[in-house]
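Below, each structure is written out as structure tokens.
Next come two complexes, and both contain subunit A; in the first it sits with subunit B, in the second with subunit C.
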Partner chain A sequence: MSSTRRDLLKMTAGVAAGTLFTPAPWRLITDSAILSENWPGIFFSSHGAPTEKFTNCALCTAGCAVKARCVNDRPISLAGVVKSPICALGLAGLHMPFHTARIAHGDAENAAAAVRAAQGKVAVLDLRPGRTASWTYRRAMAALPGGIYLAPQRILNAVNLAAVKTLVSFGAPVLDGWGTPSKVLAAREHFSLIQVEKDQSHTGLLADRWIPVQPGNEPVVAQQIARDLPADGSSLFLSSAELPSVLKMNVTLGNLGHTVIARNETPVPAAWSKQAAAVHAIQNVADRSIGALLIDEASADVAVPWDVIAPKLTNSAVVITFASTQAGYGRYAQFVLPAAVYPEVTTDIPTAIDSVVATFRLATPLMAAPSGVVDAAEFVASLAKLDTKDALQERAASIHATGRGSLLSYSDQKSRPIKDVKADQFWTALNAGACWSDSESPLKAPRWEATIATPAICEAVRPKPPLFTKLYEESGLKGIAS
Partner chain B sequence: MKYRGAIFFFVGVAAALALGWIGFPRVIYARRVQPVNFSHKVHAETAGSKCEDCHTLRADGSFAGIPGLAQCAGCHTAPMGSTVAEKKFIDEYVTPKREIAWAVYSQQPINVYFSHAPHLKLANLKCEKCHGDEGHADGPRVYEQDRIGGYPRDVWRSMLMKDCIRCHHQNGLEHSCLDCHK
Partner chain C sequence: MNRYAMSIDIDKCTGCGACMIACAVENNVPPLPQSNDRKGITWIRVFPVDNGEQGDTRQSAFLPMMCQQCDSTPCASVCPQQAVQLDVKTGIVGQMPERCLGCRYCMTACPYHARYFNWWDPKWPAGMEATLNPDVAPRMRGVVEKCNFCHGRWHAAKEQAASQGKREAADYTPACAESCPTGAIRFFDLLAGTPEAGSFRLLEKLGTETKIYYRSKRAWVKGLAEAPDGKEHHLA
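Moving on to the complex of A and B:
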């Protein structure tokens, strides 16, 4: 019997039909979906006995205490400590070093040479001021000819959540990353939250009242709300964009010294204060004056729009950014130098906005950083020929020397006065995740009249009104728009 | 010829079934033997060991898994029997202090968090419930690994997510994703 083409087609149809009744196609579909799980280069946690380490989370200034389980010097899980949970970002923080967009190499040598050859001012833009690294930048800029230190200006320094009965937030993610999660959750029952924003956020969904607002109308809405609140210092106005026109409601309602307080800064060695350059806001820098700009965005708390930065640069300016990906200022920089990411970093964490006393906590590394990372503070210090490798320990020593405050160790949940702790024990405890808190003192009102007068960054980039004519300037229309 | 078309069709079906059920598993799974011809039966019956003597829970509740060389060398520094397998084990692993690279039949994806402690201590499950009758095997089974996905064949038999969920449902336990996927 000779077969024909029709026979072959029928056999093929039979094969196709029969295949559906075998595991082959279904297994291949599943395998193609999970194919990439075991590729070379996929991180696998190693097997072994887990150890417990304590550190502080460096992802934001809440700096929550973290208990890490580690196997073979690599964290396998992160959790909060008793009465201090961590947020979802903190829980997943151990995955950050393995992000596919992470950069591993940078040309630090040529970047340094470019800074030395730059014409114009050398500026450091510090997007997380208040750290020991920030003081290194200030000292380096003071030592470098034409060096200036730039940091976003904050009007609100510290708030006392325990005294707040009504919290009016203009876009601040109060329940979604603004303050220390445990403190905000503990205080939540005691205040009424009014969230004012253009689009309803997670905080808006959970607020007691959500008010939609068109951008530009915030001052009017703030004034309307303030009229209905008592002027007894029990309210708090927040603004994610630090709008002076909103935050000055805190002055109007007598919140200064009650819910908005001045807080001592964490002590620094006296020599640093004398050596440090002043802090400038980038909006106040002369246009076309910066020849080399170094941006530390590795742990940024705030972002400055590029539209605000670009006019300050000379035509031949070199921009160097310290980041873990190319996605931020790397789009505009000539050099992107890879930075360590949490949980690889060794750094201190600035005091959180909702802490009434100054604190000092370290984020100590749970795993080694890749060999190509560049420490931004050491890079800048080397430009000014400063030796700052022991800066954190120097700062810890100056804190211990004050004799003030107490040390809380999370491993044993014990708090001891600093007077009862020796200097080397203090340093060891800090490296094991302990937290120093300053002594409590009567709450003080901040002096912030000058900062209220400074326009917020968002106002600096607001487009100029189209009718920018003499008639418009002299008419009553200008008062309505601002 | 009558039914000519049907004959060719069913020949195709039969060929596909044979290839799919017999040929495909041979191709998709790479096979290898375990590095040591370990007999659970000898250790359980002759030596009187129980599962938990070697597969222990540490003091903090974490599971030690397959024992390391130190556990085996505790008894087998010198031959305890006369088998070739034991002599080979001592010569190749104990004497040079080389850890055994066991192939794990129950390897789970890296995104799965499984804690033995609650299953053993709270649910009082027996090891055989999930691992089968390994404890009485006279020699390790051939390790079959999916060439594409990379997982062992045993996982497909009784350790898929649906198997865990079925048992949890039967016992009235409902959990969130984060309980098993950290």
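Moving on to the complex of A and C:
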């Protein structure tokens, strides 16, 4: 049999047609596309003229002033303002809404029904007390029969860093997110820092003296250090775990009223204080007494260990948590309702631990929250049929009515006495990131004996921004405000 | 004409990492979860260092490290693509990813290990692309990148200056210097100012004529600049 040119052509055509039914040509297309890749780029939806907005960071109670660069109503970078820098966590705050573990849906209707079914045994656990939302919880719990308002009680609520000459820290990240960065850094030149902890932290690396300690030996070490310090109220003992035996050294050395001071509360409308439920520590609540527990953990500063909470719940108790991810109490809750996160939230920030005067500042949204998020305060208020839509404005009006203090505007860096500011201007300025500070008053000693009971708090589980990758962790940078 | 430079006070650096984060946000460095110490990208990295002692004599510091913006550039001289160029008008060593073929000669030549290779295409969690800085193009897989003193900001500052009828870029500060909470990083023009007295540069003996000046009152920190010197300094 002889092959003709026709046969050769037919075979070639057959091979070409047959090859189309194999993966080879299709893979070749992909591979050649990769090899000759002309970068398609990333889709930018944020082209436009950049604008500047001012707000306050709500990631911790330091509440640093923030200057946001926005394009198309979206922040593209955050920065501190003059003399008020922000931490690494704050700089990456604009990425918080895009956390891969963020939850998008929650069954708010059934959650509300479950709470109504537990009428008479409802409690709210507020992990960032002192906000306007906290007052909403207290008012709602007062309105609901048997409602209980729970908040973690901390031994130290306010310190006066300016008066500190020796700071003894038992594991507190003093230089790494403990207080307001600008205040801590300004005060650092005036105090010597002794850091006591098991493993050397960033603060330990930069401390004047670092003392390693075995866990459990802290009270002995604290006494030893206190022996060498003058009892003139110039020292300050801090503890990350709020160890009463360590913090009691502040009493021994006469620090109360000097470096450890009573917290000055931001004013609230008189009607609110009259209608508010009392603040309870969860360890003081009777066992098996809570039928429905609502936990506001989206903005948690500290948390309460689940071991402390569990005995307080009835066997059929329902737990509802307002969170952005399921990493915290979501593991124990029947309902996890998605909450807005910074910089989507509208909230006020309680006075920082290192502020000697009461303050009031707002975190206003830099971008819209996705649909489906539930406002914890509105949810709780609706259970008690309270109208709290304008609660922040009401509180601002009550602060303005006191006529005390001054208003610092970050856009022009000017501070004005509140007497010179009209009520509507005050509200507008607050929404533009301004900060109200109360007038200075004589420092008072805190009611120490009332709070010295062993606190039940632990570190809150908080999602890190997506930028905090393994690389950053390997660099040894903590970067997370505590 | 400018010669931009940086002065870093190591004694002031608290290692908070604000500069690293601000840089990543400004320059659209992707948060690749698979990136690690060897394969990750960060244009500026803060290294914890110590004097090698133990106990009470142990001292630690933090050393922010980025492209040292050499005047005598070892990276540019080995690049077969002319993807690295020293801009004589600003003194900034630029990297052009469009020209880069990914040979990584420059990474080998850089004595400061300040260059990073894109092992993966950049990726952001869904929706996060909208927060990217529109002034800076993300880099593709297979190219090298490094600090360029926030060149996007320089362009923006130039544009703003031009709109005001000026020639020189005013109010130009890279993100790391702007974000440093302690003011440890200072950005300046060598033609208008000088580094502080006692400043030193890393590996000065190589003659790379860098424009990043460091300073510290501690002798062992200065010793790090000339490492390795036989002593046991620890660069974590």
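Simple rule for what comes next: the second predicted complex is superposed on the first by the 404 of 482 C-alpha atoms of A that agree within 3 Å, B and C clash if a C-alpha of one lies under 4 Å from a C-alpha of the other, contacts with A are read in each partner's own complex, and residues count from 1 in each chain.
In the analysis below, a contact is a pair of C-beta atoms (placed from the backbone, for glycine too) under 8 Å apart; a residue touches a chain by one contact, two chains touch by 3 or more.
Treat the numbers as computed from the prediction; the structure is a model and nothing was measured.
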Which partner, subunit B or subunit C, touches more subunit A residues: C
Partner chain(s) touched by A:A286 [first = subunit B, second = subunit C, both, neither]: neither
Touching partner for A:A278 - first (subunit B), second (subunit C), both, neither: neither
Touching partner for A:K10 - first (subunit B), second (subunit C), both, neither: first
First, second, both or neither for A:L28, with subunit B first and subunit C second: first
Contacts of A:G18 with subunit B and subunit C, given as first, second, both or neither: first
Which of subunit B and subunit C A:S77 touches, first, second, both or neither: both
Partner chain(s) touched by A:H47 [first = subunit B, second = subunit C, both, neither]: both
Subunit A residues contacted in one complex by subunit B, in the other by subunit C: 37, 42-45, 47, 77
Subunit A-facing residues of subunit B, complex: 1, 4-6, 8-17, 19-21, 24-25, 28, 58, 60, 62, 64-65, 109-110, 113, 146, 148-151, 182
Contact set on subunit A toward subunit C in their complex: 37, 39, 41-48, 71-72, 74-80, 85-88, 91-92, 94-95, 97-100, 175-176, 181-182, 185, 202, 205-206, 465-472, 474-479
Residue numbers on subunit C that touch subunit A, as the complex places them: 14-18, 20-22, 24-26, 28, 31-33, 35-37, 40-42, 45-48, 60, 62, 98, 122, 124-134, 137-138, 140-142, 175, 178-182, 236
Subunit B contact footprint on subunit A (complex, rising order): 1, 3, 6-8, 10-19, 21-24, 27-28, 30-32, 34-35, 37-38, 42-45, 47, 49-50, 77
